[in-house]
Amino acid sequence: MSEALINTVLLSLLACITIGIVRTRNLFGVVVLSGIYSLLIASVMMVLDAVDVAMTEASVGAGMSTVLLLGTLYLTKGHEMKAFKPPLLPLFVAIGVGAMLVYGTIDLPPFGAADQPVNQHVGPDYLARSKPETGIPNVVTSVLASYRGFDTLGETTVVFTAGIGILMLLRRRRKKDDTLREGEK
Amino acid sequence: MFILAMIAVLVALSLAVFRALAGPNVFDRLLAANFIGTLAIMLLAVLGFLNGRPEFLDVGLVYAFLNITGTYAVLKFFRYGALGGEAPPNEEDENRKGFSGVHKT
Amino acid sequence: MIIADVISWVMIIVGSFFLVVGAIGLIRMPDIFTRMHALSVSETMGVGFLLGGMMVQAGFTLVAFKLICLFVLLFFTSPIASHAISRAAMADGVEPVLDGPEIDARSDKHDMPLEDRRKTTTAIDADEAELSASVLVEDEEIEKGEK
Amino acid sequence: MIFEEFINYYNYFITLFLMSSGLYIVVARGNMVKKLVGLGLFQTSVYLLYLSPGKILGGTPPILAEGYEVYSNPLPHVLILTAIVVGVATLGLGLALVVRIHEAYGTIEEDEIFSKGDDLQEEDNKNSTLPGDAK
């Protein structure tokens, strides 16, 4: 029961931070708040027993995303968002989508139950087979690298493609800067 | 006994989140973020003892390194206006000020 | 064994107390520098006591070694981070809130320049103003003497 | 026990709240960096949606050891690990696009970009010599 209560408190704090992200206009404030958001959601993942995911989310979300966002703010000189009137249509769309999803959620099994269908077939199978077949005690690692290795290969391909895309987008810029500097001389 | 420590950590976390939301400028938010990082480490240490499986403190070590690295990245950006390269450490340059939103021009 | 339990409980209670006190200081103090001061001191104390109490509970195991690593890391990095935050705030031009009953933590006067803020404080006594002026004069004299 | 029911479904409610907030930011806000942060909120809500059913109350993380019987489901963790890495790749590519857009238009606000794009289009139409390019 204590686990569920800790989970509840952390999720409420997460909702508060989300409201802050929506309302803040200073972009640096938004970056710092998103870092806090990543730390909190990594703590929630710790409570939800996802240790490896928590480690990855903390390093990627709170570390790398913050640095990437700061670099973008440096390159675009964007400090503050423009003031704006809250448009009503997106608000209604968001609230409507949320209400429909809540209606769909009612039929889901309750939190933390061991007898829900998700935990019946594949998960226990991996838990039973991992130690004798691969010899790795960490089941997440064995599934990620052995049973679903091709998934991980596809993920690496995606990251590689994104890196190539970033390089191609930003390389042209550096050339332009060089020509500008030569023109100044 | 660990439940009491957990309650203290959660109360401190709530207060720090309040400061991060209400903080008048970026540096208050940053101070709260640093404190929240420390509190996340304490939370997962206490949680390990509470659940009877305190082996996952490695995650806490990762958090500690990331916390200090992220804070330094943001602060270096605020002070020098760049993340790397040959940024001159000139603190008197007025153009570089105003990241915190204190100076409304 | 009971003595070790009692020691660890006392340490955990003291650590929790310091953490909560630091968080209250983060809420109640008027500006970034006093907040940093209230937070960093009690944060280091609270973290140290909590990790110490857990170390006593863990005994001589790998867990205790990890806790010692965490303690050393936090003990050195968290004051440095606080110092860096206040230094960056100073470099960015955040002015400290000086004393006076008009300047309140919950007012929105943080955005004002220091001169305007001083004008709004009407309740400074004449004696106090004189005192601060004499201190300033003394400081200048000291600087001249050094030169 | 309405309170217990509430606790049982609280994870899903917060997940859906995060999802709606992310959707709102992506649709309503004009600043592109903020839009990408909102996209991150949406992604994180999906992580929560996957991880919440995998938790078993009273279980431990799925790292096999002596003396533990109940483990949480490892499969959502694997899927979400992949999703997190792909998410940061998406974020990096989007931010690179924002940098390029800022070079081309001088702003990262959406409405200003639209108005500038219309102006550039009109200039092109005026300057074009071929009659086929006018439309």
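Which chain is which? They are A, B, C and D, in the order written, and residues in each are numbered from 1.
Just so we're on the same page, contacts are C-beta pairs under 8 Å (C-beta built on N, C-alpha and C of every residue); 3 or more make two chains touch, one makes a residue touch a chain.
Here the structure is a predicted model, which means the values were calculated and not measured.
Two chain pairs are in question, A-D and B-D; the one with more C-beta pairs in contact is A-D. Farthest from chain D, judged by the mean position of CA atoms in each chain, is C. Remark: chain A and chain D have CA centroids separated by 8 Å (rounded to whole angstrom).
Remark: chain C and chain D have CA centroids separated by 37 Å (rounded to whole angstrom). Spacing of chain B relative to chain D, judged by their CA centroids, is 23 angstrom.
Chain C has its Cα centroid 15 Å from the Cα centroid of chain B.
With touch defined as above, residues shared between interfaces to two or more other chains in chain A number as follows: 3, 19, 31, 51, 71.
For chain D, residues that reach two or more other chains under the stated contact definition are 60-61, 63, 65. The chain pairs satisfying the stated touch condition come to A-B, A-D, B-C, B-D.
Taken in their complex, chain A has these residues touching chain B: 2-3, 6, 9-10, 13, 16-17, 19-20, 26, 28-29, 31-33, 35-36, 39-40, 42-43, 46-47, 51, 54-55, 58-59, 62-63, 66-67, 70-71, 74, 79-80. Remark: chain B residues 1-2, 4-5, 7-9, 11-13, 15-16, 18-19, 24-25, 27-28, 30-32, 34-35, 38-39, 41-42, 45-46, 49, 54-55, 57-58, 60-61, 64-65, 67-68, 71-72, 75, 78-79, 91, 97-100, 102-104 touch chain C in the complex. Within the complex, the chain D residues that touch chain A are 5, 7-14, 16-21, 23-25, 27-31, 33-34, 36-38, 40-41, 44, 47-48, 51-65, 70-78, 80-82, 84-93, 95-100, 102-103, 108-109. The touching residues of chain D, when paired with chain B in their complex, are 60-61, 63, 65, 68.
Contacts from chain B toward chain A in the complex involve residues 3, 6, 10, 13-14, 17, 20-21, 26, 29-30, 32-33, 36-37, 40, 43-44, 47, 50-51, 56, 58-59, 62-63, 66-67, 69-70, 73-74, 77-78, 81-83, 98-101.
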